[in-house]
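Paired with chain B in one complex and with chain C in the other, chain A is shared by the two complexes that follow.
The block that comes next holds the complex of A and B.
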C-alpha cells in the first residue's frame, strides 16, 4: 500500500487560501479584459454618435426674410415657383425646369430648391454632440466672435430626410438614399447567388461526397481557407472576371442596354456573392451536420432514397441554421468596402439604381468618400451614415437571432 | 437459380464476412433465419451484432469503407448482388433502432411519410390506423394524431417507430436493442408487441439482455469475438431453450449464465 500524503490542518488551510488567491487573481484578469473590450467598443460607438449630432454654425447668402414676407415653409407651390423665377437667372431657371417641370414638383421639393439655390445655406462650423451639450456657452461665444452674423442651430445629421434624399455635393442637402438602395441591391444579388450555390455545395459535401476521400478533404480545406482570404483579393477577381471578361453580360449589352460599362451593380453583387460563398457553405455545412444521424437512418430505414432523405428531412431541419448563416453572410457583405472600390463603385450618383445594369454606390463607399472630405459638415454626415450602416447591421443580426430562436429544434 | 428449398427460410447468410476497410468486424457467418419466428442475436459488446444486423438491410452501405464477402439470401436472391437496389431492400426489410427516432413531424406524418415515398396508393387514414393498432399504440394516440411525435414517451415513440416500419409492409423487421433506452414497463410492452407481430413478420432482434432473449425469442444466435483477430462470429445458433439450458459451447454457457469475462 503506497502512502498518500496530503497537507494537514494548518498547512491545508494555507494551501486552500493560496488556491483561492490564484483563482481570484485570474478572475480579476478576466474581468479587466472584459472591461477593456467594453470600453473600446463604447468609445467607438460614442465617437460616431458624437459626430452625428451637435450644433452647427451657418449663414445665409440671402436672408429668407428679405425675399419673402411670409416664412418660407408656409408658402404654397405657386408662391415658391414665383420666388424661384424672381431670384434665379433665366438660364438657371430654365435648366431646372427642363430637368423636371416646376409645376410637377411638390411643395417640399420646391422648398428645398429655394433653400439650396436662393438662400444658399453655408455651413461654417459643426460642433460634436458632447461639446454641444456641455459647452454651449463656449460655442456661442466662439461663433459670435469668429463668424459674426452666423446662426447657431442644434442639428441631428441623421434624420428621415437624410435617409430619403440622394447624394449631393453640399453636405447640408446630401442623403444616403442612393447608397442604401445600392447596398440593398448588392446584398440581394450576392445572396441570390451565394445561397443556392452555397447550400447546394454544402449538401453535396455533407450528404453525397465521401468525406474521407482525398479530394473532399482538399476541397474542404480550400473552402475554409477561402473564407479567410482578404476581401480585396475578391475585388481583383471581380474586376478581372465580372467587370472585364463578362462585360457583355454584366453591362447588360447582351440584353440591349448600351449606356453602361461592366462596373455595374451586377458585377459588384456577384463579387460580393463569391466573397460570402465560403461563409455560406461553411455555415450550411454546420447546420446540416447538426441534423442528427438518427433522423437520416430513420428515413433510409423506411426505404427513402438519398434525395428524399435530404429533401424531406435534412434540409428542412437544417433550414434555420442555413438562414442564420446566410444573414450573417449578408452582414459581412453589407460592410465590405475594398472589393467595391476595386470593382469600381461610382463616386457620385444621384439616381436610384433601377436595374442590375446600372452604376452604383454603396453605404461603405459613401462613408469612405465623405470621411475623406476636409469640411467638418462632411465628417458629420459620414458619422450619420455610419449610424445608418450600423442600424442595418443590427437589424440583420437581430433577424438572424429571431430566426434561430423561432425555428430551433431540440432533439 | 437457387434451389427451391432456400425459400423455407426468411433470410440466410452464406460465409458472410463484413469489413470496415481492412478490419474484418464479422467473420464467416452462416445463419438460417426461420420465417415468422423471433431470432435473437446475443453476445458481448463490440462482437459485431449491430454490424451483422445492419448488413441484412444494407444500412452498412452508409459507412463508405464497409463491404461484405459471402452472401445474404432473401427468397434465394443475394441482397448484395449487383442488380439489387438497396432502397428496395430496406423497404422489404424494415429496421427499428436502438434509440427511438421518430421524425420531427406529427404522429400521423411519421407513418404516412414512409408509405407515401414508397408509392402507397390506398387510403392513408386507414393505413395509419391499422399500423398504429398493429403496434398497440392506437388507443393511446388516436386523439392526437396531428401532434408532434416528440410529445410521446420513449416507449410510445419506439412503438411509433415500429408502426412506421409496419406501414411499409416489410417481410422482415430488424430491431437493434429496441428496448435498451426504455424503462421496464415500456420494455414489457415492446416484448408483448413482438409476440403479436411474429404472426405476420419475421423478427431479428439484437439484445444485450439475456432475460429478454430468453423471454421473447424462438431462436438465438450467440456471437463472440475471436481472441486473436478481434473479429466476431456466430459460435452457436439453436433454439432458444437449447441455448439457455444445454448449450453445446462452453463459452455460450458461461455467457448466458453470467460467468462471462
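The block that comes next holds the complex of A and C.
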C-alpha cells in the first residue's frame, strides 16, 4: 500500500511557490492573447489610416498656370466652361456636353473635368502617412531622383470631394458617391424586408407557438442554422431566384422598365434581407423574451385578446431591443461583400441609383475592386473608402448603443 | 349602479365572450405562422436551387462524380473538375485560421471569465466585439497590404508571393478569434460556481482551477466554439478572395497561392457569367458542398451546446 508522507516545511513552501509561479506565467499567457487582439485591431486601423493619407508624387501634361491666371479652384462655372471649350477639341467637348450638358454640371464637377482632361494629372508614386510624416526628406530626395520634374504634395485621399464625386477610371478623381448611395439603398430594402418578417416570426415563436411542439422546434433550429450559412451561399440563392427566376419583377420589366436585367438593387437588397433575417429574428426573440410576464398577465386579466396583448404591451416594450437588433443587422448588411459579387454588382457605375430597378455598386464592392488593383493610388482610395465604411458602421453602432442606453429598462 | 355591476358579473357574459369567433385574431395568428414557415422555405429554397443546378452540372457529359470527388485538377477550360484543387486551399486556410484562433480565443475567454476584474472586462470585451464587427473585405485589405508584406519579409521575398494562403489564414484566425472567445466564455461562465469553490477550497491556484476544473467542465462548449469557428472559416470569402490568390491549385503548402472554394465562386461569378454553362452550374455544385459542410458543422455544434446546457441546469 503506497504511503503518503507530507513534504518538509521548506519543500512545501518551494512547491507552493512553484505552483503560484506557473499560475502567474499562465496568467501572462492568457492576457497576451488579448494583447495580441488589441495589437491586431490597432495594426488594422493604423494600416488603413496610413494608406489613406500621405505624399503623392505627380506630374501633369499642361501646367495650370499656362491656361489660367487665377488658381483653378477659384474659377466659377462660366470660366471653367470657357476653359474647357478653349482647350478641348470640338469633338471631345461636344461628347462631354452630350453626356451631361455643361451648364448643368456643378463647379466641382467642371473643376474635376478640367483637371482630368486638360491638366491630365498622372500619379507616379504614393507614400503612406507615417513615412510622409517622419521621412519627408528621404521622400523628397527619392522623388527628385526617380521622377525629375514631378511635384510632391501631401494629399488626403479621404476628402469632401471623395464623398461627393462618382466613380472614375482614374483614382485621382474617383469618389464613393454612387457606392454609398447604392449601399444605403441596399440596406434600406434589406431592412424593409427583414424587419417585418423577422419580428413576425419572432412574435410567432415567442408568443403564439407552443415551444415544445415539433414545428416550432424545427423553425427554431432552422433559424439558428440559417444564421450560420456562409454569406456566399445566400448570394447563389439570390442569383438563381431573384436575378434569374424573378427577373421580370426584379428588373422592373413588369412595371415597364426595360433597360436592365435582373442584376438590380432590388435583387441584391432582397438577398441581403434574407441574409440578415435570422439575425433580426434572434435579436427580436431576445427582446420579446425580456418583456416580463406580469405585463402579459395584466393585459389578459383585463380581457385583452392575444394580439391586443402583443400589439399594445409586448411589442412597445420590446421595441428598443428590436430596433437595436435591426441596427446591428443593418451594419452586417452594409459590410457584406460576397453575396453582392455573386448577385452581380456592377463595378463601374457613375450614375446615382434612381430606383430599385437600376444597376448598382456598393461601398464594399468598391473597396474589393480597388484593393485588388496593383497601383498604389487605387490602394490609397481603397483605404479612404474603408474609412467611409467604418465611419458608417460607427454611426450605426453608436445609434444602437444610444438607443439601448436611452430606453433600456430593468424589470 | 349596483344593477350594472351585477349584470356584468353574470356568468353567461364570460361564456359568450369565450365562444365568440375572432376572425381578425385567427388571421393574424395564421399570417405570423406563415412568416415563421417562410424561414423554413428559405432553407428549402437554398437546398432546391443549389441541388437543382448541381444536378445539371453532374449531368454534363464531361463531368462525373468520381472525377469530381477524387481528382486534383480544376480547369473548366479543358473539362477538368476535380474539387480537391479547391478543397485543399479551403482546408489549408481554415486550418491556419483555427491554429491561430483556438489558442488565442480560448486564452482570451479564460482571462475574461476567470481573471479579469469587471473594469478590465468593460474595456476588453468591446475590443473583441469591434474585431468581430469589422467587415471581412476590410480584413482582406489588411491581409494583402499589411500581413502579406510582413510574411514575405520574414520568409524571404523569393520564396513566397504577394498572394499566399498563410497571410489569408492568419488574418482569418484574427477574424474568428472573437467568435471562439465569446462562445468559450459563455461555456466557462455556465460552469456552476460550486465547482470553482470546491477547487479553491482544496487550495488550488487560479490557474489550476481554470485548467483542471473549468476547461474540462466546459470542454463541450469549447468544442462547439471550434466547430462554429471552422464553419465560419470554410465559408469565409472576402479575405481569401483578396489575399489567397486567384487560380485553383492543389497544394497544402501555406506559402503557395491557391484559390479556395469560396474564392473561386467569387472570382468566377464576378464576371458576367452566361447562365446555364458548365462554369455557371459548377459554381452551384461547389456552393452545395459548402452549404452541406457548414450545415453539418452547425448542427453538430448546436447539438453539443444544447446537450451541455442540460448538463448543469
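Worth a mention:
Rule of thumb we're sticking to: the second predicted complex is superposed on the first by the 369 of 411 C-alpha atoms of A that agree within 3 Å, B and C clash if a C-alpha of one lies under 4 Å from a C-alpha of the other, contacts with A are read in each partner's own complex, and residues count from 1 in each chain.
In this section, a residue touches a chain if its C-beta (ideal position, glycine included) is under 8 Å from a C-beta of that chain, and two chains touch if they have at least 3 such contacts.
Treat the numbers as computed from the prediction; the structure is a model and nothing was measured.
Contacts of A:229 after superposition: chain C is touched, whereas chain B is not reached.
Of the two partner chains, chain C is the only one touched by A:244; chain B is not.
In the overlay built on the shared chain, the residue A:319 is in contact with neither chain B nor chain C.
By the touch criterion defined above, A:37 lies against chain C but remains apart from chain B after alignment on the C-alpha atoms of chain A.
After overlaying the two complexes on the shared chain, residue contacts for A:163 are found with neither chain B nor chain C.
Looking at the shared chain after the overlay, A:133 reaches neither chain B nor chain C.
Once chain A of one complex is fitted onto chain A of the other, the partner contacts of A:27 are limited to chain C, with no touch recorded for chain B.
Of the two partners chain B and chain C, more residues of chain A are touched by C.
Of the two partner chains placed around the shared chain by superposition, chain C is the only one that A:208 touches, whereas chain B remains out of contact.
Applying the stated contact rule after C-alpha superposition, one finds that A:383 touches chain C and leaves chain B untouched.
When both complexes are aligned on chain A by C-alpha atoms, chain A residues 303, 305 touch chain B in the first and chain C in the second. The touching residues of chain A, counted against chain C in their complex, run 19-20, 22-23, 26-27, 29-34, 36-38, 40-41, 43-44, 47-48, 51, 197, 200-201, 203-205, 208-209, 216, 218-219, 221-226, 228-237, 239-241, 244, 274, 277-278, 281, 303, 305-307, 331, 334-338, 341-342, 344, 364, 367-368, 371-372, 379, 382-383, 386, 389-390, 393, 397. Those residues of chain C that touch chain A in the shared complex are 17, 22, 24-25, 28-29, 31-33, 35-40, 42-43, 45-46, 49-50, 53, 103-108, 110-112, 115, 124, 127-128, 130-131, 133-142, 144-146, 174, 177-178, 205-208, 210-211, 228, 231-232, 234-238, 241-242, 262, 265-266, 269-270, 272, 275, 283-284, 287, 290-291, 294-295, 297-299, 302.
Interface residues of chain B facing chain A in the complex, by the touch rule stated above, are 57, 59, 62, 64-65, 87-88, 90-91, 94-97, 99, 101-104, 113-114, 117-118, 161, 164-165, 167-168. Interface residues of chain A, counted against chain B in their complex, comprise 210-212, 292, 294-305, 308, 312-313, 317, 409, 411.
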